[in-house]
Structures are given as structure tokens and as C-alpha cells.
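These notes are about the structure you will find just below.
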Amino acid sequence: MQDFEPKIVAFVCNWCTYAGADLTGTSRTKYAANVKIIRFPCTGRIDFMILMKAFENGADGIIVSGCHPNDCHYSTGNFHARRRWIVFRNLMNFTGIDTERILFSWVSAAEGFKWADVVNNTVAKIREMGPYENYNKIAVSTLLKEEVSNHE
Amino acid sequence: MSASHDQHHPMTLSGELRMDTGVIINKCYQCGKCSAGCPLSSEMDYPPSLVMRMLQTDDPKNYDKLLKSMTIWLCVSCEMCLTRCPMEIDIPRLMDNLRQKSVRAKKTNPQAKKIIAFHKSFLDSINYTGRLYEMGMVVDYKMRTGAMTQDVMIAPKMFVKGKLNPIPEIIKGRKKIAEIFNRVQNNKEVKL
Amino acid sequence: MKIGFYPGCSMKGGAREYQESVVALAKVFDIELVEIPDWNCCGATAAHNLNKELSLSLPARIMALAEKEGITDIVVPCAACYNRLSVTKHELAEDASLCSKVTGIIDLKYSGKTNILNIIQFIDKYITDKLEEKVVKPFNYNTACYYGCLLVRPHAILNFDRVEDPQSMDVLVKKSGGNAIDWAFKTECCGAGMSVSRTDTVARLSGDILKDASDRKAEVMVVACPMCHSNLDMRRPEINKYLDEKISMPVLYISQVLGLAVGLDAKTLGLNRHMTEVILPDKPVKNAEPAEVSKKVANPEKMEA
Amino acid sequence: MSRIGVFVCHCGENISATVNCEKVAQISKELKGVEFSTDYKYMCSDPGQTMLKEAIKEHKLDGVVVAACSPRMHEPTFRKACSEAGLNPYLCEMSNIREHCSWVHPKDDLTTEKAEDLVRVMVEKVKKNKALNSIKVPVTKTALVIGGGVAGIQAALDIANCGHKVVMVEKQPSIGGHMSQLSETFPTLDCSQCILTPRMVEIAQHPNITLYTYAEVEKVDGFIGNFKITVRKKSKSLDEHLCTGCGLCTTKCPQKKIPNEFERGLGFRPAIYVPFPQAVPNKPVIDRENCTYYIKGKCKVCEIVCPTKAIRFDQEDELVEIEAGAIVLATGFDVLKSDFFPEYGYGKYKDVIDGLQFERLASASGPTMGEIRRPSDGQIPKKIVFVACAGSRDPAKGIEYCSKICCMYTAKHAMLYKHKVHDGTPYVFYMDIRAGGKMYEEFVRRAIVEDETQYIRGRVSTIYEKNGKLIVKGADTLMGAEPVEIEADMVVLATAGVANHGAEALAQTVHVSYDAYKFFAEAHPKLKPVETNTAGIFLAGACQAPKDIPESVAAASGAAVKVAALFSNDELTREPLIAVVNRQAPPVFSSCVGCFLCQSVCPYQAIEREEIKNRNGEVIKTLAKVNEGLCQGCGTCVALCRTKAIDIHGYSNQQVYTEVMALLND
């Protein structure tokens, strides 16, 4: 397990967390290279099916991060994201998906250091949890695969 | 990766106090509201806000002055400072800690002898009987301080009023209390 | 339901009359107080000055003993004991490792589920509703309610009454037919545990308190703490010397005030035990018209219209 | 088969110091669909851009990935370059290998591998990109200014003087704001009314300005260039055209004991009233909550005495629709209620007042005609204590920030007091003196040196009344924190400036963000101080943070210029990264089932209902349709759509799923 380098995907909004991660760079604060960012206009845009897609493709952990409550560039997108997360977390727990591997956080455009902390803490946590091999054993994944192949 | 976080820093005084008490010294911005409201500050050698400043300097000399000060023994834990502090700094908790450190370092102010003697007599009384035996405690205190004649005038009146109990109340669990005293003393804290 | 009673050391000695009056008052309202068996001292100021763990262990043992008896409410009339018990309960609830350490030291089961009630909370919970109908001898004196430190601070933990200009005792005095005056030293410190070791300091602090009350025409001072009482009452010779005037205002416990109002006699309430003689001349009952001083509190919002 | 070009930038050494840029370019070349790949020292430089343009033409590229800095930095640059080379700009994407890679990781293989991953993701994404055309919208050249204090007045006048129409909406019966309450202003001590009143009059008379007082903004729809605003004009119970402002009604009104808001409760006013003598408009309103007629059903004295019969008891609120291209928020601030400080006794002791009340006492038109007299008994205070930071810099009971203006106005108060009460002594309890500003420090020094104000460095612990005096207990931290006790006749608390209590609701109405203290948030703290994150909405004055008069005016003029710049175009172009509901013709088909969940979550009301009709003109179904002008492209609707009928350009389902798969499978 020593050599395990977790693959982590970060889904972030353009206005707060993406800008915050830019600030982390501008401040030259170092963090683990395991996390790769995918930019969304808003956390409200993030469909939770895409988290499933990430797990299915071998992600070991996921970060979802956007503007702090009340700071959303689009005023309410992050509230929808939060609401959806609460519902989906229950659903995912029910289906056996390890929601401990998903970190939901708020990082503003001014919180460069916080972003580095979020990344480092998540990497450390996922490293401890080990690779997410279980996902593809879960029945739901087969269903997803079917759905996706139909979709394409 | 995050090298800067791992670097070993020598512990500052404020860091040490933060670890021991949770109080963050550097929050204090010297507004002086504590000193203004403290009932004892006029008698203290260092009023509370000055104590905070001295700790902030991280200077061992200032720390030493505080351990030897009267201030820490004059503080009656009335909590007025905490109540009005804009930064909600728990000065009373800090004072408790400094008192304990002062005793441990054997630096207590000679003028505080009476106050410390009172506390010790008080605790001794609990240790022996489980409760405070007022008369016994006062006698013990007088033995410690030599203040034999203090308050002798009111004692007879108190007797008459039924306020002084000549016989100590000793609780059944006296041994349990003694055990408690033993255990906390073994836990590296102040030797009482 | 059994209501637990923790008298604390001073109520067995110097503040005997406080216990007598609390028990007598409870009896009037058919409340039985069950003393926690084999209770120990809470450690008071001395313990937390010198040893943190000791200062938590002693109160924890008291609460653990109460739990063993199945007691859910403990009445703690002494403000100092009330403060120590509440703070201990809070600290142990906040810090699980500290809690397990302390339960190890006291060697008893401790859940931290008991309610700690000070004298006013006790009265409010069990007596206040029925108080006014039982008042037979209105306590119609100008009364200065002195709360001191330990009843209201630290507010974050005790969460009792307003931390500045508290009102709960004033309300009880008014319900007993008294006139609670507005004054400035309600929560100033009396000198607390330094009565013996620094008598001069206590004389100064307690003197300033008594002086303000007496300047504002208070006839009686009411307290809820044996320590405050002993400083304000027993230290009167030193206080008068410091003030260079003779203040003869008696200092009563809140339970004594309520006791007098519901018709208990002075002896039962232990008024004879006070060092400063309690002289309360009979006064004709006025219409409940508040004195001029207290009018000012009436409407703090007035300016904000 | 795509023909994609990959351009890897070294950014001097900013990227190449930790990322092997040559290798990234080489590896990218191997990717399916990549036609051309190179690396260069500065892609954003002129030669870099030229190289990009030439490569597009030479290799007939149909997609471009620039691996360089953050797209938030240079995406517009490279998209413009692509467009100049004939490639649709929305076929260009950027991989952020600087802020998200080279600057945050050490030099090693992992870092270069991450850069390769990031490039691969964008290559795959760009394959799914569509050519898009930017959206053009017309601009309504009318500005709405909300708030008629000094900031709103300045902004309105500046915009109007540029030749544009302005509508000003003010909540109170008169414009003027807090500045009209002030006595004199620091650091020049000129009379506040004297400099403000002419401007207030100018607002009323300006041909380009329409003024609605006693009115509030109720609803804001639309977007930059095309806002639709609903304003509620509260009933003044008055026909303003008939009223001449003679004031007879106000003198005859039998109800005279209503605390006067303008005088901060230090005086009284009748139920029909003009807030202050210089009010604009100088016509009364009836305060229905306190009017005898509205309470008891009879009185009507004002109606009887009115010479022009202008009183209208049955007048109702009126809703006015306004079309505007830009909005300036100038709603100002409030002062913190002082009764959160029970230890200072505000509200309990009459002679403990706040700074604005002192302004009224010192004002020549105030309740004491400018004489400093204490409220309790009208005596002239001989010892007066000013408490700075009453609520400011106090996370426990007040607010965490510094209110900025109090140091200066407290010095001014001490000075005014000393000028009026020569034998009096002013004391100021302070912690720090923050007097940064032109002639500010000099002003404070003057208060100390010339007017002999006693500055005591320390906070006041408590204030109580004794024998008609206020005992102020403080400490002098410059004297070893020695306790200080002052027997004062009056105490003035320099209470904190806080966000207007209606700020949060207004922010939600106009869709702008606000900070933790409910002040409106600027788009960038340094470079966009008067813009909000909502295009077309600007900030002026203290609604953004505590500001003094010069700063408020400067910000207002700044906001006005932004509005004028916006109005210099007849049309606006907008990024086409918006949502779209799929359609297939004929007959019109869509996977939309018409659940309109999207409509309920859209923050911009951009989802419309489209009725699809058959040849006979019968409605066969109702589908969602996106209003291009309103959609801001947040994509919340996309995540919610059950049938995936709605999608968003630039972040389409296809694009983001492709990105995830490309990222995780190399």
C-alpha cells in the first residue's frame, strides 16, 4: 500500500474555487499532485452522475468545491449543489457507494491556503483508505455501464 | 511536500499557553478593558492587560516576573475581564495556569504567602475530612502564616450565632477523597 | 421526582441560616429536598487555583453520586458551588479524554446528565408560579439585589440571566412585594475567597458595593451566595472602618426574603444568625408603586424610537 | 477526424522550471486527433500569438489547446487570436499548467505527467466543442440609482450630466441620507447641509433625473443593458402636484409627540411631516402608523387646513415599471444600535448617546439649535466622554472590522464640543487613532494640541449613573493599564457603522452578492471596486463598506463612469456560454417533457414556456426554452434535467463526461 498514489478528481466552480486554486498557485503554496481539477461554471452545474462516472473510471476520491453559501456568483447555484449533495449522499450510502471518498467543501477565491489544505487532507485521507476497488463490484455500476452505453 | 508545515519550531510562550489552556495570547490587542473592569487591578503589580502584553513579548524575563508576581494571586476569578473582553480571551483560565506553574517552579511571591496558605489549608481540610472544616482550616491557616491574632475577635460571636462548628463533619467516603488527591498529585501537576 | 440538594460546606457552618431558610421555604411549597448522600466539598477557588484536575474531580464526584441516586435536578444554593459544578459539567462535556481521565480519578460512573440549578433557577422552576398567591407579608423594603460574580459568569457556560444588569432576583423580590432598586454594583466582585487572607481588599470591594446600595436608599441587600454574604455581613466592622461611616443595612439571602414574605418567622429563617443585626421595621404596605430610581430601567428602548 | 493544435507555453521559466514542456508537447503530438504540437517561451507574446495564428492557417486546425496559465488570465487573448486566424474562438481551450501545476508542485516526473494529463483532457474536450457566435443585446440608456444619500446624489448627477436618463429611488420622504444629519464635516469643518443642499436641489431640478422618494425597489428582472425594475411608491397620502409645501398641515397636526427619526429621537415631529427643513422634495408625507385619522378614523385636520386641498387619505401605493440599462446601488449604512452594550447603559441613561445623536446636538438646525445640552435635563455638560470603537473591533459583542470613520468624527466631536463649551473638558477613550487621509492626522493632532482633548488610550469597561453624573470606568494602558474613573456629564459612543438593515433583502432582490457583514460585495477588491459580480450593477458609497464622504463621492463618480462607459455602446456582446433546450424539426421534437424543474431553479427567470402547435394551431405540448438574453450560464438547470434535454454550451454533458474519462484513462 506504500506506493499507492490516489487518483483524485476535483469538480470546482469557475468563480470561487477555481480562482482560489489559481491563488494557491500565485502564492506558490505546494500541494499534492494527485488532484486534477475539472472546471464547471458553478457547483450547481455538477450532476452527481458525473461523480459516478469518475469512480467508474478509476477515481479513488473526489472533491466538490464551490463558493461559500451566499457568495455564489449566480446567487443560488451552490445551495442547489448542497441540497443535491445531501440527497445523493443518502442515496449513494444506500447503494453501498463509499461517500467518505467524496469531500464537499467551500473554498472562496481568496482562500488559496485553504485549497492546498483541502487537497492535502483529502489526499492523505484517501491514501489511508486505499484504492477504491470496491466500486466496480457494486451492482449499481453495471447498471450505470448499461445506461452509459445506451447513452453513447 | 508541505515542508513549511513540518519544520520544527521552538515552542513560543504563547504556543505553550495555547496548548495548556486553549487561550490564544496573541488575540489581545491591548484595549485595556480588562484592566478597566478588574476589581483588583489597582492592587496588582501588573494589571491583566499588562500581563497579556508581557506574555506576548515571549521574553523569559517577563515570564519570570509574572510567575513571581502578586497579580496571579490577587486574581479572584470573578471573570469580569472575560465577560467584557472583545476578543473573549479567557484570562481567568490563564491565571489558573500561571498560578499552578508558579507553584511548580517554586517562584511564588512571598507576599502571596497568606493567600496560598489559605488555599492549601482549604485543600488539606478537604483532603482529611472530605469537606471544608472551617474551624480546623482557620487553625491550620494560622499555623502556616503565624497570623495568630487575626479575626480572634469575631470567633466567639460566630460561635454564639451557631456559625462555627467545633466538630468536623467527616464523610464516609473520606478515603475516596484521599484517593482522588493521591491520583491528581501523581498526574504530574502541582505538589500540594 | 426527587430533587437533589447539595448544600456545600459553608451551609453546614458559616452559612447555616442559608440552608435553614432554603429548606424551610421548600417545605412551604411542599418540596422535599434530598441531600446527596456523603457529598464532598466542591473544591471552591482553592482547587482551581492550584490544581486543575482536582478542581474537576471533586465536583464530578458530587454529580456522580447524585446520578447513582437517580437524581436529575440538583439544587445548589451556594453560588460558588453552583459555578464549580456547572463549569465542571461543561468542561467534561467538551473534552471526552479529560472526562475519561476524571472518571478514572473519581472511580465512579459519570454521565453528565444531571441538571445543576442555582437557587433562583430552583425557585423559578418549582416555586415562582405559586409565589404570589402565598405572599402574606409583602416584603416592602427598598431592596438591592446583589448577584456577584459566580452566579452570572462565565455567561457562555452558565447561560443564566443577563450578564450585565441581571434581573432574575429583582423579579423575585418584586413578586414578594418588595421594591428592587436599580443600582450599579449588581455584578461587581465582593472579594470572594480573600476574606481571610486579604481582609483589607475585601473591605474595599464589599464596602464600595454596600455604599452604592445605601446611597441609593436601599434598606436591605439580597444575595444568593454564602461567600458574598460573609464578606458583606461578617466583614461589616472592617467595611465600616474603610468607608468611615456606619452602614447598618442587613444582608439577607433570597430564600430568607421569600420566606419572610410567605410568613415564616425570623427564627426559622435563621435571621438571628447574621452578624449584622437584621432590623426590619414594620412598614405600611404601599401600593406597588416603584420608587423613582427603578423607573429608569422601565423602558430601555425609549431612546431608539 | 479532428485537426487539433497543442501549444505548450514555458511562461519564461514559470512553467518550464518544474514541467518538461518539450516532453509535454511531444507526448501530446501522439494523441489521437492532434495535428500539430509545439512549445514556446511566451505564448501570450506577440510572436507567440503570431505563431499560433500561422499554425492554424498552415495546418488547417479545427481546434486549439493552449497549455499555459489560468484561463481566467489569458483565455480571451488566445480566443481573440484564434478568431483573427479565422478559427471560431470557442474552439480554443486552455490547460492550466501554471497555477494548477508548475507553481504548486516540485520539479519531478509527476508534475510533468500531470501537465500531460491536463493537456489530454483539454484535447478531448475541444473535440466536442462547437463553434459558437457571441450574443448581441441592445442597451437601454437609463440608469437606476437606488439610494439618495451623498453617494447616490453624486452618481446620479454625474450620469445625468453625461446626457443619460437617471431614475433615483429613495426610501425616505427626502433625499440627503446621513450626510444631511451631520453638523460639520472633517477635516475642514464646513457645514454639511451647506455643501449638500445645493446638490439635493440640483437632483430635483435636473431635466435628466426622475426622483421617486418614499419609494422602494420591489423587483428586478433582466440583465445588463435591459433591466426591468418594479418600484413601489408608498402612498404619501398627498397629491404632490397640488401641494405647494406651505407647511400649514405640519403645524396644525394635533399629533406632535412622535420621536423624530431625523433627530435620532432627540426631538419630536407631527404625523404629517417633512423630515427636515431643507428636505427635497419639500413636501410632507403622512406617517400612517401614527396618524390619528388612520388609527381612530377621525381627525382630518390637515385636510381641513390645506389651502390647495392636496391631502388624499385614500391614496394607495403605486407600482412603477422602469426599464434601465444599469443599476447603481447607493443604499448607504446604518449605525449599530448601541444597546448591545449593556455595560455602557445606552437606552438606560439618557445622557449616553451615540455619535449621530451628537451630530444633531451640534447641528445649528438640530433640537438644541446647535448648543451642546444633555438630553436628560438640558444642562451644558462640563465633562464629556467620547468612547471610540463602541462596537467596532469587537467580535464578542459588535463587529469584527474597523468602522473607519469613527476616529475622525470623534476628533471632530471633541473639537466641536470644545468650540462651543470653552470651559468644558472632552475626554476620548481610544485604542488606536486611524487617521489615514488628506489632512486627517493633522486634524486629530489639532484636537489634541489646540483644543486640549484628553485622549486616553484604553477601553471603557463600564458606565453607571450616580448622583446625576455618569461614572466612566476605563484604564490608561499608556500608564501601565492604571484604572481611570471619570465623572462625566455626558457620554458619546462612537458606534460602529454597519450594513443597512435592508441590505440583505435588497441584494437578493437585485441579485448581487454580499459579504459576511451584509455589505455588498465588489467584483474585485482592488481592480473592480465599484463593480459587482452581476454585470451592469455598480456600487457607490457606504453600502459596500464604511466610507467617509470623500470616499463615497469618489466611488460614486467611479460608478457613474462605469455606467457612462456602458451607455457609450448601442449594443453589448455577451459570451454565448448559455443553456439551450434541444429541438429537432419537423415536427418540433425535444426530449424535454415539460416538467419545468429547470424553471424553478433558474436564478435569472431565463426559462420560458414554448407552446408547440400542430397545423391546426392546437397546442400539442409545452416545452422549456431558454431566453438567451437572460441566461447567465450557471448550468444549474442542466444538472437537474431528468431527460437531459437541456444542456449548456462550453460545459455540455458530452464535454464534461469526456473530460472525466480522459483525465482518468491515459
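Quick notes
Should a chain be cited, it is by its letter among A, B, C and D, assigned in written order, with residues numbered from 1 in that chain.
By our rule, a contact is a pair of C-beta atoms (placed from the backbone, for glycine too) under 8 Å apart; a residue touches a chain by one contact, two chains touch by 3 or more.
Keep in mind it's a predicted model, so treat the numbers as computed, not measured.
When every pair of chains is scored by its C-beta contact pairs, the maximum goes to B-C. With centres computed from CA atoms alone, D is the chain lying nearest the middle of all the protein shown. In whole angstrom, the spacing between the mean C-alpha positions of chain C and chain D is 51.
Put simply, the C-alpha centre of chain B and that of chain C have 23 angstrom between them. Once the centre of each chain is set as its mean CA position, chain A and chain C turn out to be 56 Å apart.
The multi-chain contact residues of chain D, meaning those touching 2 or more other chains, are 106, 343, 462. Chain C has residues 163-164 in contact with two or more other chains. Multi-chain contact residues of chain B, defined as those touching 2 or more other chains: 1, 80, 88. Against chain C, the residues of chain B that register as touching in their complex are 39-40, 43, 74, 76-80, 82-83, 88, 90, 96-97, 99-100, 103, 114-115, 117-120, 122-123, 125-126, 130-132, 134-135, 138, 141, 150-151, 154, 157-158, 161-165, 169, 171-173, 176-177, 179-181, 183-185, 187, 189-190, 192. Within the complex formed with chain D, the chain B residues making contact are 1, 29-38, 41-42, 46-50, 80, 84-88.
Across the complex, chain D is touched by residues 162-165, 184, 212, 215, 296-297, 300-305 of chain C. Residues 70-73, 96, 98-101, 103-106, 110-111, 114, 117-118, 121, 508, 511, 513-514, 521, 533, 577, 601, 603-604, 632-636, 638-640, 648, 650-651, 653, 656-657, 659-661, 663-665 of chain D are the ones that touch chain A when the two sit in their complex. Every residue of chain A that touches chain D in the complex is listed here, in rising order: 7, 9, 14-15, 18-19, 21-22, 24-26, 28-31, 33, 36-42, 44-48, 50, 53-54, 57-59, 70-77, 80-81, 84, 116.
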